[in-house]
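Below: one structure in C-alpha cells.
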Amino acid sequence: MPLQTDGIVVSNGRIKSLYFILGIYCPPIANQIKPGQFVMLKVSDDRSPLLRRPFSVYKSYPVSHPEKRKKGYLFILYKKVGKGTRKMTTLKKGQKVNLIGPLGNGFTLPPLPSSDNSILIGGGVGIVSLCSLGKALESRKLFVFIGGKTQDDILCVEDFKKFNSNIFIATEDGSLGVKGTVVNLFLSQRKKFKKNEKYYIYACGPSAMLKALAGTVKFQNFMCQASLETRMGCGFGACWGCVVKTNHPKTPYQRVCKDGPVFRLEDIVWE
Amino acid sequence: MPLQTDGIVVSNGRIKSLYFILGIYCPPIANQIKPGQFVMLKVSDDRSPLLRRPFSVYKSYPVSHPEKRKKGYLFILYKKVGKGTRKMTTLKKGQKVNLIGPLGNGFTLPPLPSSDNSILIGGGVGIVSLCSLGKALESRKLFVFIGGKTQDDILCVEDFKKFNSNIFIATEDGSLGVKGTVVNLFLSQRKKFKKNEKYYIYACGPSAMLKALAGTVKFQNFMCQASLETRMGCGFGACWGCVVKTNHPKTPYQRVCKDGPVFRLEDIVWE
Amino acid sequence: MQDYDLTVKIGNMILKNPVIVSSGTFGFGEEFEDFFNLNDLGAIIPKGISLRPMMGNPPPRIFETEGGIINSIGLQNPGFQEFIKNKLPYYRNLKTHLIINFFGKSQKEYIELARRFDSVPGISGLEINISCPNIKRGGIVFGTDPQMAYRLVQAVRKSTKLTLIVKLSPNVTDIALMAKSVEEGGADAVSLVNTFRAMAVNIHTKKPELGNMIGGLSGPAIKPIALRMVWEVNQVVHIPIIGMGGIMNAEDAIEFILVGASAIQIGTANLINPRTGIEVIHGIKKYLAQNKTNRIQKLIGALLISP
Amino acid sequence: MQDYDLTVKIGNMILKNPVIVSSGTFGFGEEFEDFFNLNDLGAIIPKGISLRPMMGNPPPRIFETEGGIINSIGLQNPGFQEFIKNKLPYYRNLKTHLIINFFGKSQKEYIELARRFDSVPGISGLEINISCPNIKRGGIVFGTDPQMAYRLVQAVRKSTKLTLIVKLSPNVTDIALMAKSVEEGGADAVSLVNTFRAMAVNIHTKKPELGNMIGGLSGPAIKPIALRMVWEVNQVVHIPIIGMGGIMNAEDAIEFILVGASAIQIGTANLINPRTGIEVIHGIKKYLAQNKTNRIQKLIGALLISP
C-alpha cells in the first residue's frame, strides 16, 4: 500500500563520477518495499523541478533489521543527469524530503525450489533495482551481467560479490570487462545455460538494451522480466503519462508506474 | 558604473527574529558603492525566484580598508519576507552569488562645512540604507530616529551608537522606546531643531511612513531625501517596472532604480 | 474549530466545499484512496470518457517545463461501457459528488453520451470537455468556435437533466465570448481552463519531446493567464464558474475564488502532492477565520478593484 | 575557434547573428553598455515608441509568478520627437542593426509613425506592435482580428521602405491565421510572441497585484506555448519568423530555431542576466560545433518529425 510520508536525509554523497547514494530514514516505506518497486521523491521544497522523480531502492532495511544503525533506512543510488538529480546532490543530512512509495509491482521471484537459474542483466543505473533483487535471491546462485558505457558506469559489483554470483562485466569502451554491450556479453555466454532448464532473467536498463535483449531471448526456456523506465507524472497510476506499448489486447498502452515497472519482456511492443 | 559580477558568501546568519545578515566577498562592488545605492542579488541559481532582488548595502569595505578580514566585503541586512529572502537564508559560506551593482543614485551628502544638522529617519529594514550613510557622516552630530512594529524590528541601534548620534526609538506596540510611529516621534522632537538653520533629513522606510513624513515636513528649513522601495524588474533602468509618481512635468512616473532610489521627498506624488 | 459553511451550489449540486479534483489528474479516484479520505472532497471528476475506448497517444506523453508540465495523454480511456461496468461501482460507496467528464468526436457522440450518462444512477453532474487539445479531429473545434459551442451545448442540454458544466479551452481570443455562448446554450456552469496547446523540443535529438509533438500545458506556469480568464468570464456570465489552472495550494484557490470562481479544480497538483485537495480545504477554512467570516460565499468575486 | 556563419536575413537586413534583444526589456540600450559590447548583438529593439509621449500605467507595474513575470508598464515612452532628439543619437555609433518597435492608437497613427521613421537615418527596420495587452483602446484589436491586421499592415507597408516586422499577440485562437494575414498584408517578417494577458491577486488585500489589474505574462513559463505558436506559424508563412517567449539561454533559443525561427529575441532574461544575449550567441556557436556544421541556416526549421 503506497503512502505519502516525510523521510529524513541521513547521508548523501558521491560514490564515483556522476553517481551518488542518498540515504533516507523512512521506516514506513523501508518496512514494505520489495525488489523492483520504487519511490517518487520530491527532490526540492520549491517548484523547480515541479514533478517528483522516480527511483528504485538500492537497499532498504525494515525496522525489524538487527543492525540498529540501519533500521528504517533506505538508500537510493542515483545518477546526476538533469535538473532534479542535480538538486538531489545538494540535499543535506537532517533535511526532510517527501516520498511516495512503495510503488509499482516489483519482480516476481522464481518459483521456490529452483536454484542456480536466475540471470540478472543490468545496464547503467538499471543494475540498482536488481541489487535488492539479488539480496532477495541471496541463497541461490546468480548469473549477473553488468554493463555500462565506461568503467565509471559499472555499479554494484561489490554488492553482487557478497551474494553467490557469477559476475560478467561489459563496457562499451572496453575500459572494464569485455568490450561491447551487456546484451552481447550475455549472448556470448549462452552456452552456459542448459536448454532443458528454465531460466529466470531479470533485466533493467535503458530501452535500447531491453529492446536488444527482447530480440535475443525468444527461447522457451528463458522467462524474462524487465523493469522499464519512462518519464513519470505521478508514479501512482493517476495520469497515464508513463505508458509503454504492450501486446495487451484492449489497452495497449499500459502504465509503467502501476501496471509495471516490471513487465514480461515478451509483452512489450518495441517501436 | 554598475557591473555584473560573482561574489562569494562569507557569512549568513540570523541576527534576530526575521532579520539576517549576509556577508559577501565582492571587491568590485565593495570598492565603489556609496550610501543609498543598492545591489540586485540573484538569490538562487535556479529560476525560483526568477527575478533578482534589490538590497541596500548595510556595510561595505573597499579593498583599501586597513582591516585585512574586511577588505572587499559587503554586508546585507535583510528581512525574511517571501520566497526570495527565504531562499537567501539558505545561502552557505563559500557559495557563489551573482550581483549587479552599485545601482541607483545614492544620497547627496550635506554641503561640507555644515554639521549637527543631519536627521536620519528609518522605519523597519529601511534603517539599513541609513546605516552606511551614518558612517559617511560619522564626524557630524546625527539625530537618528528608528521605528518599527515591535522591539524586534528596531535595527542598527548599536551601529549608530558608535557614531556621534542622538538616538530616538519608537515602536508601534511600545515594546521599545516611545509607543507610536517614528514620524510622530520625530514630530514630537521638532522643537529641538532651530527655525533658522537648514536640516538635512534622510528617510527610508515603508511608503506609509514616507507619506506621513511628507505630510509633516513642509518647512523651508528641512530638506528631505527619501529612499524608496518598489518591486523591481531589473534594477538598472531597463524595464520601467519600478516607477513612482513624481511631480516631474514631462515624465511623472520616474524609475526608482535609476532615477532614485533617493528622491527629494517633496517631489513624490502620493496617491 | 469553528463551523464553516463551505457549501457552494453548482447547478443542482450542493457541494460540501468548493474543492473538486480535475479530470485526467485524479485517475479514477481509487489511486488516491491510500492518501486521504475521498469523501472530504467537494466532488470528483474522473478521467474523461468517450463513447468507445481510446488508446491514447504514443509516448513520451509528459514533459516538464518551467513551472508546468505538457501532457499528450490523448484522452486514453476505456470507453463508456467499460467505465460503467468496471469503474463506476467504485463510486457507489463514496459520499461525495461524482461529475463525469466526457467528450465526443462529433455532436452526435456528445448527445449520445449525455443521454446514456443521464440514466446512470450515482452521477451528479456532467462536465463536457469541448476543449481537449490532444485529439486531432472533433473536440477541438467546438472549443474555439462560439457558434458551434452554443449549438453543441444546446443539443446536449436537451439530452440530460443532470447539472451540465462546460469546460472551456483557453486557446481562444475571447474566452468571455465562449462562456457567454455556452451559457446561452443552457450550461449550468462553466469550468476553465483546460490546458494550453504547447510543445517542447529536444535539441540533441532535434525531435519533439512528446510523441504527439503537441500537448497541453498545465501547472503553476499558467495560473496568471487562467486567473485573468476566470475574471473576464465573471464579468459576463451569470452561471457559476469553476476555476482552475495551476492551483497548488489554498492561496492559489482563494485567488480564483476572489476573481469570481464559485468552485475550483485541482489538476496537476494532484500528481505532485496527492493530498493537495484536502490541504486546500483546510487552508480555505484558515483564510475564512483570518477574514472573520464563516461563509465561503462571501469571498466569491470579492476582489477589490482600486478606483 | 572555427569560423561560424551566424548571419540571417530578415527582410533587407542581414543580421550578423540571429540574436535580437526585445522591445521593452532592453531600455534604450545604454542601460546595458556596462555589461557587454552591444555591437555583438544581431539587432537591438528599444522600448516601443508612440506618436506622442505616454506616461504609462500606475504602479505596481510588475509581479513575479512561477517562472514568469506579469508586467503592466503601459508602454511608457517619451514619444516620437523626444526619442529622435534624445535617444536616437546614441545608436549612431553602434555597429548593429536598430529596429524600431512602435504602436499607434489608430491606423492613422501607425501610418504616420511609419512614414516619419522611414525618413530617419540609422534605422534598419520597423517592428510594429499590434499586440500590446496593456493599452485599453486601439492597439489590441489589431492584434486579434486577422482582417484588421491585414489592412493595417497593408497601409503601413505603403508608408515605409524599411524592413517591416509585425509583432503578433499570442492571445488569439489561431496565430497561424494572424501570421498569414500580415504576410499577405506585406510584412517582411513576423515576430512572436508578445505577452499573454494575465493577472494576479493579493489575497490579503484582496486587490490585484498590478495597478492596472491586467498585465502581460512573459518568461520561461510561456516558452512551451510560444514554441508551439512559432511552429504553427512556420507551417503556413514563407517570410522569416522571429521567435521569442521565455528564452533564457542558448538551448531555449535553439529550440525556437529548430521549429522555424530565423532569429530570436531575448526579453525577460535581459532583466535577470543582462548578458543573456551574448551568452546565447556563444551557446549557439557551441551547438553548431557539436552538430558539425558552421552555418546557422542549416538549423532553421530542422526539427525532425517522427514518422
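The first chain written gets the first letter, and so on, giving A, B, C and D; residue counts start at 1 in each chain.
In this text, a residue touches a chain if its C-beta (ideal position, glycine included) is under 8 Å from a C-beta of that chain, and two chains touch if they have at least 3 such contacts.
Everything numeric in this text was worked out from a predicted model, so none of it was measured.
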Any chance you could name the chains that touch chain B and chain C both?
A, D
Farthest chain relative to chain B (centres taken as mean CA coordinates)
A
Using mean CA coordinates as chain centres, what's the gap between chain A and chain C in Å?
36
Suppose each chain is reduced to the average of its Cα coordinates; what separation in Å results between chain A and chain D?
47
Length of the line joining the C-alpha centres of chain A and chain B, rounded to whole Å
55
In chain C, which residues are in touch with two or more of the other chains?
66-68, 219-220
Contacts with 2+ other chains: residues of chain B:
47-48
What does chain C use to touch chain D in their complex?
65-68, 70, 144, 171-174, 196-201, 203, 205-208, 211, 213-214, 217, 219-225, 227-228, 231, 246, 251, 254-255, 258-259, 287, 302-306
Okay, in this complex, where on chain C does chain A touch?
24-27, 31-32, 34-35, 47, 53, 55-56, 58-64, 66-69, 71, 73, 76, 78, 219-220, 248, 268, 270-275
Note which residues of chain B are touching chain D in the complex, please.
1-4, 42, 47-52, 98, 100, 230-234, 236-245, 250-253, 258, 271
Hey, which residues of chain B end up touching chain A in the complex?
46-48, 83, 87
